[in-house]
Amino acid sequence: MPDDAKTYLDIYQTMVTIRQFETMAGEMFAGGKIPGFIHLSIGQEGSSVGVCSVLRPDDYLTTTHRGHGHMIAKGADLNRMAAELFGKKTGYCKGKGGSMHIADFSIGFLGANGVVAGGLPIITGAGLSIKMRETDQVAVCFFGDGAANRGPVHEAMNMASIWTLPIVFCVENNQFASTTRTSYACSVADISTRAAGYNMPGISVDANDVLAVREAAAEAVARARSGKGPTLLENKTYRIKGHFEGDPQKYRTEDEIASWKDKMDPINRFATVLTKKKILNKKKIQQIWDEAAAKVKAAVEFAEKSPYPEPEEALEDLLVNP
Amino acid sequence: MHERILSNAEALAEALHEEMSRDERVFIIGEDLISHAGIFGQFKGIPENFPGRIIDTPISETCIVGSGLGAAMTGMRPIVDLHFSDFVTCAMDELANQAAKIRYMFGGQVSLPMVIWCPDGAGIRAAAQHSQSLEAWFVHIPGLKVVVPSEPADVKGLIKAAIRDDDPVMFFQHKMLFRKEGHVPEEDYVIPIGQAEVKREGKDVTLLTYGSGYYLSADAADELAKLDIEAEVLDLRTIKPVDMETVGASIKKTHRGVIVHEACLTGGFGAELTARIQFELFDYLDAPVARVAAKDVPIPFSPPLEDFVLPSVSDVVEAARAVVYR
Amino acid sequence: MHERILSNAEALAEALHEEMSRDERVFIIGEDLISHAGIFGQFKGIPENFPGRIIDTPISETCIVGSGLGAAMTGMRPIVDLHFSDFVTCAMDELANQAAKIRYMFGGQVSLPMVIWCPDGAGIRAAAQHSQSLEAWFVHIPGLKVVVPSEPADVKGLIKAAIRDDDPVMFFQHKMLFRKEGHVPEEDYVIPIGQAEVKREGKDVTLLTYGSGYYLSADAADELAKLDIEAEVLDLRTIKPVDMETVGASIKKTHRGVIVHEACLTGGFGAELTARIQFELFDYLDAPVARVAAKDVPIPFSPPLEDFVLPSVSDVVEAARAVVYR
Amino acid sequence: MPDDAKTYLDIYQTMVTIRQFETMAGEMFAGGKIPGFIHLSIGQEGSSVGVCSVLRPDDYLTTTHRGHGHMIAKGADLNRMAAELFGKKTGYCKGKGGSMHIADFSIGFLGANGVVAGGLPIITGAGLSIKMRETDQVAVCFFGDGAANRGPVHEAMNMASIWTLPIVFCVENNQFASTTRTSYACSVADISTRAAGYNMPGISVDANDVLAVREAAAEAVARARSGKGPTLLENKTYRIKGHFEGDPQKYRTEDEIASWKDKMDPINRFATVLTKKKILNKKKIQQIWDEAAAKVKAAVEFAEKSPYPEPEEALEDLLVNP
């Protein structure tokens, strides 16, 4: 696992890009440019980038309704992402999917999912397919703490274990499932303890420390790639924004949010580390944020300029052989 | 009678308050109910007024419905909130293989007084997995009743009937209708399950509809009136059992029917109703029964696509004109 | 052509052998497949001949279908065995919200070449949770194809078509038909999905059917012949997409139709087909389209009860007589 | 928990009754008297009787397709059971349910289930109902090792844990799920280890030792009854008969079955214990077997003499208000 300055800078840049993208998405939603509803991953960049930083382009990834960060970290094109969120023809899914149903098969990104835990059965199949095709790909599945209480998680972890599938189950415990606290809905404090019930390693990490995530993910991915089977990785973090944009958030206080924002922000924490290591300085930081802002701005422009699909296009893309 | 105007969400909340006060066995269970008093505000006041009787659950649709089942079998009267009707998919075994069949399989030993409350429908750009209208599946499962009200007064009367009913009732409410307003009587009344209502009289064609289709049909009837076509608007309200008496009376008068629903066309409830009308009322029909429904694709995200897929007032007008001028 | 007689189970096994030899991406996954080579013997020889390509799973329908999905998205061509079609209830999210919608939601980026193989139907005294015919649910989900063959030759040709198809196909076979025999051509042939076949010509009434209903209809046609009624037997074979061309040609000839299926009446596929026939062929109909189906209750256990609930040859004869003498 | 001779004799008698009932059912099935298919619990009497011996009549129980033993242990009437298996009008369910769908609500027996793991969501609701109605009932759910891999188990155990419901989850690990060995399909050797993932106690017992089961069950039931929440109890046993009557059983050898039959039979083992304690002797044993045989014979006669339901009765009992 390369641990050089360039890698670190890449990681930092990706985290900032995600933050800028999500910030833009929130603004565009508020401004009525993005239809439907969107779920932002601000504050969770340590998880998405930490994990994806150890993946290959041909590795598979599934994610959730809160998947912009994972998708960017896996290498997606911001223009086509933005266009999809805007419902435009040039979007990844030609406007048919939107934020909750976006995918890029060219980078192994098998899709977001509007059904909580919907990605887990799918990743089992991706893992099985890898094993049957005898490649050394790895399949990673992001899911939430809320998802962790759904049945498909159990079935998927059992299956992956008995067949030693090359899967990393990555649960992002951001302490909430919509309005519901994880501490209420989940019977264990560390979701990773459930791994023992499937005879697989389980580990919980402070996911606002991107390098801690990267290290744990590297181990899990190496294990999977070398045919030793699945791992349950719990990335502990905090959802800074509402469940969806516009969420009244009566279930928590401003103070609680602020305490995470101030001290725990994964991007700032990493910047501090890199500054100490002399890989970053104030100027460079500003430059990275500016560059990310420019890329995101360009993506917005691309999306805005792109046409909506023609109504009749709604009838396309259902079947290969109608 | 003075006009008391409530929204569909308010009508529901009022009825729930009344029923929960009346019968302490009634409770509500589902995801994220308490903090927002229901994602559409439909449970307003319930968390404060009935603490412990509105229960937040983990994300576990299978066990949420299952827990309703087990509670219903042991003396309670649960209302199970499915959050989005699309997630019935995660509890189909509990609905189709358990709730619908338990009484029958066990020879009538037990009853299952439960309501499965399902907000459904499209129009909020929520795309394929949060926009469906799946009521037809449940019509095809013996052992379930299926109620799909449209107007606030119906919501109040029918949710009360559903709660008091000793059989499992699937209760669908369209997301886009929660803010729709209408007169709601103040008193405690029940609208029997299985009773349709002619909401506008007409002699040229019957628009047979339910749920969101009612509003499309009502608007279409206005348009048709301008074309000198008098459409009768028949709001089924319950689709299982379906009120063939009221349907028959109307078709015998108009000799023409158009069924309007938001669920996609193929295999939708319109098919069943058409099959019955043409079988039972063949000699009264002067034209084939037409169906207006969503196009046969998943609900797409982008606004122009979604709008194109969903049935519109003009679709209803066109269909009605086609059968009338036949 | 010499008569090569195979059972439905043998026809399936033969086709699977050929397809698995032809394309190494094809594999079978499900519960308890290897030891008995399929609970109905339908996978005879496959475990020996294709080791590693028929996979026993834990009891996890959700993830069995899901694993088919994930495999199909990443280069494989899975055949998912659902053991009993009743357990589709445990995988409805994977079928309805994922398999059917993924290609569409993702703008056509990916295809899902998978077959979901579902043995269905009643008659073995297996009671309510092991006897259903649920095909109508899937007809109502855009994005799925639905095949329900009856005779061995159809099984062979259609399973091949389903395996080679790049879209998800629900493939229903009735449990009681696995031992039914018929001529099956030796060569490698494919019957296109969506193609009905007139299996017996007649001019007085069309019996429109599929799956086990075909055998009821064929027997009923014999009975009707004795009454001087010449029934045409039209085996739909695929119910989504449905071959309205062949249906139309037949109805234009006979002017009368009876739909026969084992699924319960209300909301069954017969409703959809009736709706289309009466709409598209209104002027050709001399009588309403009749439906013969199971009664609207769960399948009961006790033999006299089950026999009473299921549609019978005489039900078909009666329905045909009623429309013919109208 | 009473541990006197009478209690032990009751337990022994119930085990023998189950064995005789199951043996009869196998014979009647082979003779064509019982339609459909049936799943016998021969060899598993230690589990059913051990657990039910600590239950009250008003406690709830759900079971599986292999539930005759549980039902008898909970106190069901043999006549009405046999009649139901035969498909007769006098059966518990008037012939509508049969072996897989049999229930007796008067003794808290909430039903067998033809869907594997179908009882788990239901038991959650029964437990919740107990809690809401503030009674001190307990709800027990039997399920198989195969069922343990289905998603509803996970959801039910999590829910029961967070709400401290008075539930005993009793998994009967009989080493097979149909043709599939538990050692293949289940990712852990002891299913009880999964309890930790729900923050509840888990224990595995040798279920061919009825007193061991009784002791473990007593603790779990006491815990539930006193409001301390659920327990996962794994009863390790062995399925002596085929999965269903008529099962070709290619997946195991006669020798394997014999080794369990000979040394592990829970009834014989308990007889040995009771004989040592001078509670039983050969004569008494014979008498108990004969009495059970007579009861079962009477049940068969009742069933045989009973009429089938009239065909039209198929249309009854679907809805309370049709």
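Observations, loosely collected:
Which chain is which? They are A, B, C and D, in the order written, and residues in each are numbered from 1.
To be clear about the criterion, a contact is a pair of C-beta atoms (placed from the backbone, for glycine too) under 8 Å apart; a residue touches a chain by one contact, two chains touch by 3 or more.
Keep in mind it's a predicted model, so treat the numbers as computed, not measured.
Contact with chain B and chain D alike is made by A, C. For this pair, chain A with chain D, the centres built from the Cα atoms lie 45 Å apart.
One inter-chain figure worth recording: chain A and chain C are separated by 41 Å, centre to centre, where each centre is the mean of the chain's CA atoms. The geometric centre of chain A is 37 Å away from that of chain B, both derived from CA atoms. If you average the CA atoms of chain B and of chain C, the two centres end up 30 Å from each other. Shared interface positions of chain B, i.e. residues touching 2 or more other chains, are given as 57-58, 60, 62-63, 86-87, 89-90, 93, 97, 101, 104-105, 127-129, 142-143, 297-298, 300-301.
Within chain A, residues 93, 95-97, 101, 113-115, 118, 149-152, 155, 158, 162, 184-186, 318 each touch two or more of the remaining chains. Taken as a contact graph, with one node per protein chain and an edge wherever two chains touch, the assembly is complete, since every chain touches every other chain. On the chain C side of its complex with chain D, the touching residues are 31-32, 34-36, 56-63, 86-87, 89-90, 124-130, 295, 297-298, 300-309.
The residues of chain B lying in touch with chain C in their complex are 86-90, 92-93, 95-97, 100-101, 104-105, 127-129, 134, 136-137, 139-140, 142-143, 240, 263-264, 266-272, 274-275, 278-280, 282, 287-291, 296-298, 300-301.
Residues of chain B touching chain D in their complex: 27, 29, 52, 55, 57-58, 60, 62-63, 65-76, 78, 93-94, 97-98, 101-111, 142-143, 145, 165-167, 193, 241. Interface of chain A with chain C (complex): residues 60, 91-97, 101-105, 110-111, 113-115, 118, 120-130, 132-133, 139, 151-152, 155-156, 158-159, 162, 316-322. The touching residues of chain A, counted against chain D in their complex, run 149-155, 157-158, 161-162, 184-188, 193-194, 196-200.
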